[in-house]
Every structure is written in C-alpha cells, then in structure tokens.
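Notes follow once the structure below has been shown.
Chains: A, B and C, in written order; residue numbering restarts at 1 for each.
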Amino acid sequence: MTRNKTILYALILAFTFVCPFVFPNFGTQLATLWLMIIVALTWDMTGGQMGYNSLGNIFFYGTGMYVAALISIGMVYDVGDYTNAAGGGIYAFTDAQYFGGLFLGIIGAGIFCSVVAVVIGYLTFGLRGPYFAIGTLGVAIAAGELVSNWDWVGGGQGIALPVYPGDLDTGKIFFYFLFAAVGVSVFVFVKWLYGTRFGAAINAIRDDEEKSDAMGIHTLRYKLYTWAMAAFFVGMAGGISAFQLIHFEPLESAYQTINLGIFMVVCVLLGGKGTLWGPVVGAVLFHLFKEVTWNYLLGWQWVALGALIVVTVVYFQDGVMGWLMHKRPEWFGIRIEEKIAEETE
Amino acid sequence: MDQILGNIGLLLEFPVVNLKIVLDGIMVGALFALAAYGLALVWGVMNVKNLAQGDFVISGGYVSWWLVQHGFPALLGVPIAFVVMWGIGWVVYKLVISRVIERDLFTSLLATFGLAIMMAQILNLLFGSDTQSVDLDYDVLYFFDGFIDVPIAKLIGVLMATALAAGVIIFMKSSRMGQAIRATAQDARAARVMGIDTEKVYAFTFSLNSAICGAAGAIIVMVWVIQPFYGISYSIRAFVIVTAAGLGNLPGVIAAGLGIGALEQYGAHIFGIGYQQAIAVMLLLLVLLVRLIQQRRNRQVLK
Amino acid sequence: MTAIINVRRVSKSFGGVVANQDVSLKVNSGTITGLIGPNGSGKTTLFNSIVGYHPIDEGSIQFEGEEISKLPVQQIARRGLLRTFQQTRIYGAMNGVENMLISLPHRKMKIWDALKTFTKEDYERADHLLEFVGLYEKRLLKSGDLSFGQQKLLEFAMALMNEPTCLLLDEPTAGINPTLINGLIDRLKRANSEFGITLFVIEHNMRVIMNMAETIYCLAHGELLAQGTPDEIQNDQRVIDAYLGAH
C-alpha cells in the first residue's frame, strides 16, 4: 500500500469514529448507511465478483433477524409463550440477558445463515443467469410468506424485542458502532479475499464458468463458500437490525424483497459492479438520494426510487467506478495499447 | 396440522369438491396463461425477461375499473384496456426496453423490476391501496345441489380469455407481422439480413404483450379483485408457467397455466388461503428444481 | 505402451442425427495422436464425449484405466485430462498473466491454499509459459483485445499452466497465421517431449498433423474409417475418398 492510500484509509476510519458524535441527529440514518454498505459489499461478492446476480440476498437479512431474535428470547423464555403474549405478558430482560442474547444472537444469525446458504446454494447454483435471480427471489418471497403464517414466531405480527437498556442516544450510537464494526470487517475481509487465489477463482467463474469447469476449478465449491460468506455477514447485519428496530414483522421489515432486497443491487450498480470501492460509493450515493427524496418528494419517493433503478440499470450500468475506470484507466493499472489493430499475429 | 388433514379428508369424502376446485383453478389458470403467453413472447423474441408483467396486468385492470367508475359498461373495459395498454406498452418499450434488449439478461430483469416498483407505486398514488373490483350483475349457476357455483361473470371472463388467445394465435400464424415476429424469435440477425425491421418487430411484440396483459387484467377485475401491489404475484406465476412449459410452446403454456391454477386452488384449499402467495412461489421453486434435475442428468445446467 | 485414453464402442446421437457410431480408439501415453476427418464427421462430438460435456449413449471411455464417461466436466479436468476449445475460450476481461494464474492446477490444491496469494514462483511460471508461446510482450494487455490467433496461443499456454497429463486440442492451428504454424508445431512437440504431456489433436491441416502425430485416426460420417501411421493414412484410399467426397 502506498503512503497516500494509508492516509486515505486512516482518514476514513477516523471519520467513521467521529461521525455519530459530529452528527448526533443522524444516528439512525448513519447506522442504516452502514447497513447498506454491508449488504452492497456482500451482494457484490456473488453479483459483481462471481457473476451470480441474486435477487434473494434479503432472505439472509430476514432470516438473520429472526434467528437473532429467537436466540436472545429463547435463552430466557419460551418462544411460543413470548410471541403469544405479543407484549401482553411481562417479559423483562436483565442487562446481562440483553447483551448476552444480543451478541450470541448476532453471531448465531451469521452462522445459521451461512449454513442455510450452503443448502440453498447447493440447490440453486445449477441455475444460471436469470433463472438464478428469479430462483433466489422466489426463495426470499416464499420465506417471507411462510414465516408470516408461522404463529410460533409471531406470524404476520412479527416479534417485539426488548429495548436497549440505557438512554436512547447511547443506544443509537451503540447500534451505529455495531453496524460500523461489521461493515469495516466486511470491507477488510473482501479486500483481502479478492487478492487471493480464491478471488481469482470466483472472477474466473464470472468471466466464463464453462471454461472454469473445463480447467478443473471446483466451481460449485467456490460458489457455495462465497455465498456462505456473504450470508454470514448479511445474517449478522439482520441480527443487529432486529435489535435496533425493536419490533419487526416478516413482510415489511424482515423479508423486504422490494425495499432493501433491491436497494442493495442498485447500490452496487450505481457505484460499480465488481470493484472494491463501487458498492461503498454506491451505497453512500443511494442512501443520500433516498433520504433526500424521502424528505422532499411526499409520496412520490417510491416512484423516484423505481425511476432511479431503471435509469441506473439502463443508462449507467458501469457505475461510478466503471466510469472512472473508463476515463482514467491508469488509476487502476490497466494497460491499453494503442494501435492494437495493426498487430500482426 | 389437524386442519390440513381435515381439509384433505373433505376432498376424499366429497369428490364433487374436487370438481369445484379444478373448475375454479382452470378459470384462474386461463388468465395466468394469458400473462404467461405474453411473457414467453417477449422472452422468446427479444430475450427480455419482464418482471413487470404482473403490473401490466394490474394496470389493465385499473383502466377497466376507472372506466366503469365513469359509467362505461364493464365488458367494454376489456377492449379499451387492450388498446390503452398497447399504447403504454409502446411508450415503455421506447423509453426502457429498447435499450436493454442487446444487454445481458440480468439488465432486463432488473430494469423491469424497477419498472414494476414504479408502476405499482404510481397506481397506488392514483387509485389508493384498497382492493377494487367491478361487479357484474349476472346470475350464478348452481350444479350438484348447489355444491358447485359458477358465476356467469367468470364464465364470460374465461370465454373472453379464450377468444383473445385464439385471436393472438391466428394472428401469429397467418399475418405478415406474426411471421416476422416468429422469424425474429428464431434468429434476429438473419431476420435483419432478410429485410425485416426488427426494431419495429420488437416494439410491436412488446406492445402486444402489454395489451394482452391489459386485457387479462380487465377480465380479472370483473371476476376477482385487484390491488396496486398484486402485480408481483402475477409476474411470478407467469415465470412459473414459462419455466415449466418452455418458450415457444403455446399448448404447453396453456396446459401449464391451467395446471398451476388448479394446483394453487388445491393448495389454498388444503393449507388455507393465507398460503396462496407462498404456494405460487413454492411452485416456482419446485419447477426450477425439477428442470434442474432433468438438466443435471444430461450433464447440463439451466441457463 | 499403455493407453491413457481408451474409447470403446462409443455411440452418440443428437435426436435423429448420429454423430458417433461405434467408435473405438486408443491414445497411448506420452504420444501425439491425431484425429482427422471431413467437416461434420463427429470429431468435436467425440472430444466433448471424452471430457464430459454430454452423456454418451453407449460404450465406455476410460482415462488412466478408470471409467470417466459418467463424470462431470470438472472432475475429469481435475484428473488431468484437459481440452482446448475450437472457438477459443479465455477470460476476456483479464490480462494474460491473470489468465495464466487462474489456470494453476486446482486439483493439487487444498481448500485453504485458495486463501493464499499467488507466489513469486507462480508469476515466474506464468511468465515463462507466456514466453514459451510467444506472448510475453502482450502479457499485460486485456486478453479479450488480443487477436484470435493470440488468444489461441494464450489458451494453449493456460492449458500447459494447468499441468495436465493429457491435453485434447481442438484445431490448434485454425486461425493462426500460416507463417507462425511451424513455430506452433514446434511448441506442441516440445510440450509433448519436454513437459511429457500426451496430446490428442483434431486438425484439418494435413501438413501439420502428418508432421506431428505418431498415430492418426480418421473419422467419417461418425464412424472410424481408418487408423495408422501418417504414411499409412496418407496412402489410404478410403481416407482420400472421404476427403474428396466420393463416399
């Protein structure tokens, strides 16, 4: 790493730390921004780096929420009774129970989701291109519908979790730093991963899977591991969200296929698919756009978002990083030789 | 669990209930098949996977509903929705679809997903999120001591769907444009070389698809209810049907449409109405899985 | 001499079209074997059957004495039986060196090896093989921008990088500038003699295949027409007839 880069990273890290204190009124929005960065970076692992465009990564987010909630509740009370009471009974949590459940729940959510990813991946990775996208979308929608019919976990009403024991502002900062910690870990993790032989192998799958097969690469194995890693982080993010939101229900907040489920894809496209910084840049831009439209467009914000998706996909698919790469290839160490045409064999 | 067993028991005890479910399923399935046929058409001709398919259906339904609110006869809603949605389809084609045709498959999928969100939200802003329907004052026919009720409105709906399908088939078989569409579907480049204006064919095909969906929606609003956000489930069903039947296989699409309609009704009867959406999606996963296993046996993948 | 590939009575048809009918042949370990035949005689189909692109209808295919006709493509590739494509396939978005690095043999790799970065030896080997096929100067260019012939050479280098025991080459000289063909023949021979890779080559260019191969099989209409040394094949009336269309 060059010196400039080191300074840049240090600055960003410092900014991450001071952000919630400098902008105390935007604590929740900043936490959500980190959530977007996490889901965008993990979506890009399969979508951008491996060429498998999933529309169903939100499945891991929703599942992570439920797993975290069930673990933290189940450690103290009977889950069926708890959801049955729907806030009616008195179910208190001590601080130790709260934080114990929170951390075990979040870790458990990540582990559970990566195991599920391997199982689902085994069934769906034979699907290519649009079939994979639709199949994974189907998994997410089906999960939402099934969970909303499952009374033991609260059915369509969802689950209410205990509130953060402490004052509200500390809680906001606490969740901000949880998301930020996972977000930074994801970034560091993928930055390292893309530089290894593993990264090269999933790039090869993206560029030509049939060729990769013919060269003896364990394509299925790489696909499963990659998806499991992505699912691990998304599941953890879902777990954190569950505690941050306090109350969530299956269709609107957990398995929110048309909200976060599609936003993560748009973030990546906006920033630049298959690049390290693209998902981060895209998530920041998208989040800004979303917050602005939400505040000023009164009802039409959803139409504006749909339009943003269409415009990004149709006109600006290479994203910010792709555009930069085209304009300034030397920044990325790409060599373009003039007059390739006049080459003889 | 007991309830599920009870529901199954009911089916065995009163075989005539089966008849009713199958009948209902066929009526629903006929409309699914229309939307699926449109999807197969667009998919086959221009390789665009339209996730906004269901939203075209719902839009057509709202066109018809709006007309009825303004004093038009309900049956007129179907042809008018056909025409209006033709126009909307053309505009959508020019603005969005024409720019994703040559791109990779995920692009069209995502662009139409964005389109679906936009259309649903616009409908929501224009007409509100309540469910709407158009009431036709026709009788209900009863068979088997009242066990089976067939509203004449539904019967008319199915007949119109059949007439529309027949019209489209004849058009595709015999007209000049129909031939051009089929030629483009087989090999767009060859068609271009032979002097077919493929751009025109694409625009026509997409408009036709939109119009078919619109008419289907106008029929749906007469026999069931519509709501701005119901689109996605029609899109999913269309995908189930096309995936199961394959492209360019019209009898297959119709058979799959009817079959899926019936299966969904059975599922709703056995598991309860709350699972209807889930069943539609599970059918999709099931169909994908079956096709996958078939392909794996041939050392191939589904792409 | 032992047979590394042993194809016994293989038949394969697509719908009603018979592509291979009762084909039996052997590729001996350490040799260069040729496969010739007019267009549409089923050469590429046979290659595809051997490396597992589609199931065969009848017969058996053995590699190093083990049945492989039921295995999927990657497993066959991981046993060291590799093929190149008639319509060259490389990773077009990557440059030459990246193409080479990703072709390092995965069969010798444990999963945790995947989490290591490429070593200096890997880079040296990649450079060395690129040099071997004459692409060293172009190694940092996006390989999708290379000419067809250069891509073909790159694909060959990638195959060598994978350290196969046996390599199936589908028309290695098609699309290559005639002035470079002699050099390519030389490299193929060296790959065989220096790296010890058994080669099984489909080739249309008779001069090339007669120069290289020790044994040649000739297919026509999906059936094995003749086999023998280059001299025998050249003087076989049936082969001449098949090529002149007087069949």
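In the analysis below, a contact is a pair of C-beta atoms (placed from the backbone, for glycine too) under 8 Å apart; a residue touches a chain by one contact, two chains touch by 3 or more.
None of the values given here were measured: they were computed from a predicted structure.
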By mean Cα position, the chain sitting nearest the middle: A
Chain whose Cα centroid lies at the greatest distance from that of subunit A: C
Between subunit C and subunit A, distance of the C-alpha-averaged centres to the nearest whole Å: 43
For subunit B paired with subunit C, centre-to-centre distance based on mean C-alpha positions, whole Å: 48
Inter-chain centre distance, subunit A versus subunit B - centres from mean C-alpha coordinates, in Å: 32
For subunit C, residues that touch 2 or more chains besides their own: 72-73
Of subunit A, residues touching subunit B in the complex: 53, 55, 123-124, 126-131, 133-135, 138-139, 141-142, 145-146, 148-149, 258, 262, 265-266, 269, 299-300, 302-303, 305-310, 313-315, 317
Residues on subunit C engaged by subunit A in the complex (per definition of touch): 51, 72-74, 77-78, 82-83, 85, 89-95, 98, 101-107, 109, 111, 113-118, 140-142, 145, 147, 149-150, 158, 162, 176-177, 179-180
For the subunit A and subunit C complex, residues of the former touching the latter: 193, 195-198, 200-201, 203-204, 207-208, 210-219, 221-222, 225, 334-337, 340, 343-345
Residue ranges of subunit B in contact with subunit A within the complex: 49, 96, 99-100, 103-107, 109-111, 113-119, 121-122, 124-125, 232, 236, 239, 243, 272, 274-275, 277-278, 281-282, 284-285, 288-289, 292, 295-296, 301-303
